[in-house]
Structure formats: C-alpha cells, structure tokens
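Lettered A, B and C in written order, each chain numbered from 1.
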C-alpha cells in the first residue's frame, strides 16, 4: 500500500537506495582525492591554456543553452497557438534519437571547407577551385560547437515540454487560460507569453540546467567540432586525464571539478532569470512556425551521414565523388560485434533504469524521494568526466570493470536522470482515485499496478525506456573508461573515426549510431500507443 | 682423462691428448646445447600448451582500416594454429592503455588480474611503463621466431628511443617518417626542411602537420630538431633543461617562421595524420605524412587516394624506429600473448604485413637470413605510390625529450 | 453484533484538527442510509475511512486519521486493508478505467477464477440491467454522464460487495435523468439486500426518510 502510514515497508526504499546511493557517492569520493593535494591546484592555475579554455567553455555552453531555450520557446509557442502540438511533438522522438556525436559529424560534413555546402556552390557561386581557407570546422569562436549543441538541445527541451502538454488535463487547462487571456484583448503571442509560458517554463527549468551542464562539460562533441586552440576546458581536462604524468592527471580531475563548479554557478544564477526569458519574434507562416525548418535541418544531417558512408575518392569541388566506396559499410559490418554489443547494452541498461525508477516512484515515500533527488540528477549535472573517472575507480575496486555488470550499471546510472525527467511528473499525476476504486472492487494493490496504473502510463514508460536506450547508445566516456577497452560500442567507434578524420568510416558509424535509438523510439511509440477502441456499436 | 706430463709422453701422445680433450669438450658442449634447445623447445611447447584456449586481448591503435583487417587475419591464424582467441581492443591512443595498467596497479590488481594481455607500443610510452614497473618479466627470449629479427642492421629493434628493450617488448614492424603528395600538383616534392618552408611560402595554407601530442606531429617536431640542432650527441642522453634550451632554440626559430604560412596560419592543426590524408585526398592540403613508408601505396590500393600520389623522404634522412608489442605485468593470458607475439614475428605474418595490398608495414626480420621458401614470401613488384628512394634512418632522441618538446610546443603555439 | 453495517466514529481528522467526532449508527441489509451535511464537513472522508481508502485520497496533504470501528455482519473491518473489506464505493466521478472497454470495465470487478463463460454472461446481464445492452465494446469516454454512472454502479455491484457506499453519484446528472437513475440505483441495492450509505447534498436524493444522519463540524 502506498502512503505515509506506519505500515509502509522500509525494505523497498532501503534496497533501492542502497543499490545506487553508495555507488554514486563512492564514485564522487574517489574523484575527490586529487583535490586534496596542493600541487595540482597551482599547476592548473599556471597552465597557459586554462584561462582561455574556461572562457571558451563558458561562451559556448551558455550561448548554446540560451539559444536553445529561446528557440524551444518559440517552437512551443507556435505549435500551441496553431493547435498543432500533437502533430509536431509526437514526431520529436525522431529528432531526439540522433546522438550528439552523429549530429556533430553531420554538421562537419556540411560546413567543412570540403563539405557539401561549399561543393554545391563551387565554383559557380563562390569561384573556388580549391577548398577555401575558411575556418568553418573547429572554428576558433566555437560557432560550430554552439550550432551543434543548439540543434541538439532544442528537441530535448521541447520533448520535456511535451510530457506536460500530452497530459489531457494540463493541456485543456492551459488552452482555457489561453482563451481567456485572448478575450481580455491580448494577441495570441502575448497571451501565450503571459499565461502559458510561465507555467511551461517552470517545467523546463531542470531540463535547461541539464542542457547547460551538457554544453559546459561535453567532451566528444567538442572533440569533433569544437575549437582547438585552446579547446574547451572539458576537452583539456580529458587530455590531462589521459596523460601518463600523475600530476597532469590530478590536474585533469581538478579541471573536471572546476567544470562542475561552473555548472552549478551558472545554473544557480540562471535559475530565476531564465523563466523570464520568453520567446520573442514574429511567427513566420512560411516555415511552419519553425518546426519545418528544424525537421529539415535534421533531415539534411541524416542525408549527409547516409551518403557519407559511401564516399570514396572525392576531390573538391566535385559534388559527386569520383569513386563510390562500399568498403566503409563493409568495415562497419565486420565489427558487427560492436553493434550487437551496443544494442544489448542499451536494452539492459534501459530496462534496468526504468524498472528501478518505477520501483522508486511507486514505493519510496515522497520525502525520501525529494532528499535523494539531487543525487539521482547528479549524473546529468556533474561532468561526465568525473563520473567516468570515479565510476571506473569503483569498478576497479569491485573487479567489474570491463564486465557486463559494470557497464550496464554505469549506463543505467547515466541514463537515470533523463528517464526521471521523462517519467516523474506523469507518474505522480496518475489519479490516485483509480487505486481507491480498484481496491474497493476487491483487487489487490499489485493488481492495480499491473492492470490499471502501469497500462495507463504505457506511453510515458516506453518513452522513458526509449530515452534511456538513446542515452546508453550515446555514452562515450563511461564506455571508454569502465569498459576498460573491452567494450567497443558504435559510439566509441564513431568518435574514434571522427577524431582520426576518416570521413567514410565516421559517417557510416554515425549513421548506425543514429539508427539504433531511432528504432528504439519507433518501438516505444508503437508499444505506447493508446488503445484504439472500435467505434460505438460492435 | 689423459693428463700431460711433458717429460713422459712423446709428441704423438700429446697430439692425441689434445684431440681427445677437444673431442670431449665438444661432446659436452653439444650435449649441453642440445639439452638447452631441447629445453627451449620444451619451454615453447609448454608455453603453447598453456596458451591453448586462452583469450588474448590485444590493445592496438585502430585508426586504420588496413591495420584492423590485418589483425583480424592474425586472429584467424592464431585460432587455427594455436587455439588462441585473439580479440582486438580498438584504441585511439595507447596512453589510455598505459594509464589503465597503471590504475590497475594502484588498485592492487596484479599477478593475472589485469585487463590487457598484449599492447602495441613504442617510444615514450614504453619508457614510462618500463620505468614504472608495469611490464613484468622479459619474454622475448622465449620466442622461437625472435632469432630471425635483424638486430644487426636494425638496431632500433633492441633500443627503443635510446632505452634498451631488455626483452620486455617484441619488435613488430619498422617505421620511418615519410611524406606523400599528389605528383600532379606537386611535381617536385621538397626534400629538406628549407625547401619545405619555401613551398609553404609559395602555397600558403596548403601545408601543415598534426597537432602534438599526436605522435605523428611530435615526430615532425623531432625531425625538425634533428635537422636544425648543432650537437646531435645530446639526444642520446636524457634531456636536461640546459641542453633542451640550447638544442631546441633553432627549432623554435624555424617554426616561428614556418607557421604563418601553414594551414589556418598555424593557429590550428589537424588532429591526426589520417585527417591530413583525408584533406590531401580532398585537395585541401598538398602534403601528408605517415610513419609507414608504404602507407600511400596502401591507400592507393584501397582506392582512397588517386594513383598519382607518390611517397618521398628528406634526402638527409628521416626519423625511423621500430614499433613493438609488449605484455603488461598483470596480463591474465601471458602464455597466449607470448604465442601471439611469436606469431607476429613469423615470416608468414611479417610477409603478409609487408604486402602493400594488405598493410605495407616494413618487416623487422633479416630477410636475407631466412630459408629460401620464406624469403620468397617477401618478393613483390613495385606498386604505385611506393617509396622509390629510401633515405637514411635517423635514430630517435631519448624518450625524455618527447615530453619536454610537446609541453614547450603547447606553451608556445596552442594558446 | 447483528447483521448489517455498524459504524462508530471516535474521531476523524488530521493530527491537529478533528473533522468529526463521537458518531455512530447502523444500517440494516437492504436499507439505504443517507448522510447529509455542509460541504467540507468530512462526508467523503468518512466514506473513505469506512472503505479503507482514506490514506490514498488524502493526496499529499496532511494525512487524515480515523479512530473508531466498522463492523459488517459481525466482522470487524477497519483493521483490514481496503481490498479485503468487501465494501464497494461509487464516486461522483464514475472513474471508469479509460484503457478498457465498457465490458472489460465490468469484467474487471469479477473474481479471476470465475470461468470465462460465466463472466461473459454476468457482463451481459449487467449491461442489460443498466439498459445498455449494445455498449459492451464501446470506449467509456463515448458514454454520457448518466450511462457512465450506471456502468460504475454495475461494476461495483459485480464485485459482490457486502456493503455499498455512494458518494454523491447523482450530482453530475441532469435533473431529468436524476429521478430515474436514482430509483434504479436504489432498486439494485435493495434487490441485493446489502446495506448502503449514500452521501448527498440534495434532500431529494433521500430514499428512506427514517434513516438520515446530519453531520456537523466537530
């Protein structure tokens, strides 16, 4: 029985907390040890690249997050006002499925000096015979990184908003309030900004912090498309962590903590102001309120990845390559082991995450949940570097690095916050009166869960599962560290090929990396579909 | 045993005594040798027996399709011949593996509880591992195929970046810094540093080198330093601060002049040499570089570069070394790893590796010493893009120079 | 103790503030006892306490505590969990399960061990009794307010409760329907011979004027 009466069993909450709490805390603790020595602090401060790298990080992270916030607001507003929320929000999983690294690779394919954009327009428009010297990839201002982050984070914010908008009661209420505001003389955009946006923004605050955290601490994206002289602090920290020199390693851990501090600082200072930033701008009819543009951008990215996998010798400025090369996909096929490994890992991690989360939301008292919430969210907020480092140390101690158990747990931990965001509010909003009715019909509380509550939450559960799967597929650092090199996933391959600059292979892997979560989301949509009743009389 | 008494025996007897002495000595020697080789043979047989059924995790750089395919072939071969399962752990940077082994040692994971059985390594990483005791026991003396290694003409098979290998790593292939470019666009490739710099001035933005600490980038720097420094002797010894300042000053002067003419004005550098090769293929760069003299030929054979690409080296010589495989101290499948290392040294495996259609990595073996049948494996025609004129091999500086050079480069140019 | 429903309330309220105090009454089988009182006095909470669902519907606010006793046919029920009490509850909102058809909603109430043929028959009979014989496969959201109320009652009755609690089940219906449905409800209850408690605002809902309890704030 759920509730706060004395008869509530403490077994389940204890078991759940013990399953995850110590691991997280130990990981953080082990990652703290380098903070205690003096020399790394001094070395960090004196490092010539530290200051610039921090500035780059702050610039790219905050700019991308703000842009994503405003754009998401704009898109949500246009969908709401036109009554098209269902139409666009239901298709979001398509966009969400694209992993960050794949998007970065796709952008590089388009905007590089030898990329599609320039090839399509040369030499007739631009007059270029040889690739220009434009610094479009890994540009010093980090614009490429900002673009990649921006494009990736907008669907995420919209998707979290969707979990609210898809709730009948909430949507009806907001629509009613919106109508009332309009009767008071406000234009639709003003009405939205005044009435609906403040409520929606509240829901989006935590996801915004997540976006900010990601933008400030991402490594694999910055490696592929970020500035290099100096790189962002995250990349720098990662370089240091990988060095053989123990002092540099400690410096790297320290830098990761600095990143954590930055995240908390920027996050805390933007907590209040951010909801006041309402979407502005005029709504253009032609581009479908921006949604069409967003989907077109993604379609262009997928196209680049798909075609890129077949490119052979391709001198500038040809649009078509001199030779098509089937070998890249052949190589990818050869490492089919990495493919099924990625899938198996994703399936296990996603299932574990959702199972744990449902048990947590169902049987743990509310107060306990609130106390533990920061720890659960932490893997999304603190830099992945720290987690990878700390969890690896835990795994070493427990002898399960490189083992399936360690990998599944690590991925589940990283996916947990996202699944939580997806599931939390919908789960709590389920009508408790239905439980009362079920009990009075003589049914056991467990039957209520199995026959009523969980089936009604189908869509949210499968959605959370799919996003946990997508997060697992996209994991780079944890797989690298905790896998002890034994776990080669599609993502580690994609990033390795991207940093090695092998265009054909990296496109093929990135395409593969995208297809997997896409399939998971397709499965989730199918299985989470509300039931179709036969109309009226049989 | 007959004994001498000069007064007692005639000359004849003396000669008989000497002959007898000789005979018995050789008998003893022969028996001992036979015993030894029998013991070695028995050691090898025990090793091979131990290795059967083991799984060997081979941590090797995976940035090249050709290399990955070759390792797959090795896996199939050792499975068939020795019953050893070889798994290629794909690595982007060997420093990760060094760190992993070190972390394992710190966590008390020793004896056979590590995660790395065999690793592809050389240079500063080997020096670091040897210094920190991460490599365990010498093992090359147990490898039957080691006798074919050309330790005379290829001294770098025993001395890695001026650090003796001490049997802790087994040579695998030869490497020498080589450049390549499209002969249609660069008919006269620059054969020394001055002409290289001149070419950069002539075609600004079309030349570059990978960003250190990428090992190709670092090698380019070492090439520059060897060509510009006046005193070569310092490089065989560990680097001191005073020596470092003096020896590297000319290099920084050269680079300061070179960089503004490079790609993106030397403010940015490509991540790796493979990235540069991609850019060469696209036409963004004019020259790329590699450690494998046959890489361009291999890329042409795999249809990633046009046939007009040619390879060349600096006339006065370019840096060369040997790359190795090593077994960490806590390898779980030590016997299996030894068996694989031995197979990698076999004429069959070395010949296939040297085949330009497969990989093109030069062999460490003394081909002339091999039996006729095996020697024949190494014949092959000249392929397009292959290096036509080999330049002298310059030895690597001591491993300690690398770190200092990288740090100073970063300090100067990576802001 | 004799047959029927016997409720005795010592105290019902939060830790700090009581809602109802010192109240007790009995309902014989087949009779309908009406509870009336001002809004907020605790009528619905009282029903919740009797059914055992009090902690569930206190929804995050300070929990309500019930001190007292509930006896049904001589058996003490308030110490038992809600699903073992055998007390049915029909609320203002019919709360039909949205993911099941009307027929499945009805079948949900029945014991799983009942053979399928019998279940189908009982569902058919229930639909017939509710005068909705053709709506078995329908989506519950397609039904009108009155139809839903009828199905909700039939569902509660199919669970074969030993007592029935009704929490303003008619308040959402049109006046024209109310009378008709009210009479139909009471017929169903008396036919089965179980005690029933009705909570309502509307004096016209009172079935038996001899059994009315007026509740006052504590």
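Rule of thumb we're sticking to: a residue touches a chain if its C-beta (ideal position, glycine included) is under 8 Å from a C-beta of that chain, and two chains touch if they have at least 3 such contacts.
Because the structure is predicted, anything quoted here is derived from the model rather than measured.
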Would you identify the shape of the chain contact graph, picking one of line, ring, star, complete or other?
line
Farthest-lying chain, centroid of Cα atoms versus that of subunit A:
C
Between subunit A and subunit C, the Cα-mean centres are separated in Å by 47
Nearest whole angstrom, what separates the Cα centre of subunit A from the Cα centre of subunit B?
41
State, to the nearest whole Å, the distance from the C-alpha centre of subunit B to the C-alpha centre of subunit C.
84
Touching subunit A in the complex, subunit B uses residues 57, 59, 62-63, 65, 68-69, 72, 87, 89-93, 95-100, 102-104, 107, 109, 113, 115-116, 124-125, 128, 205, 211, 263-264, 267-272, 274-279, 281-284, 302-306, 403, 410-411, 413-415
Quick check on the complex: what are the subunit A residues that touch subunit C?
1-5, 366, 431-445, 451-452, 455-456, 530-531, 533-534, 536-538
Inside the complex, what are the residues of subunit A that reach subunit B?
48-49, 52, 113-114, 130-131, 133, 135, 138, 140, 228-230, 241-245, 249, 312-316, 322-323, 325, 327, 331, 334, 392-393, 396-397, 399, 401-402, 480, 484-486, 488, 492-493, 495-497, 499-503, 505
Quick check on the complex: what are the subunit C residues that touch subunit A?
48, 51-53, 55-60, 63, 81-89, 91, 93, 95, 97-99, 101, 108-109, 111, 134-139, 142, 155-156, 159, 161, 165
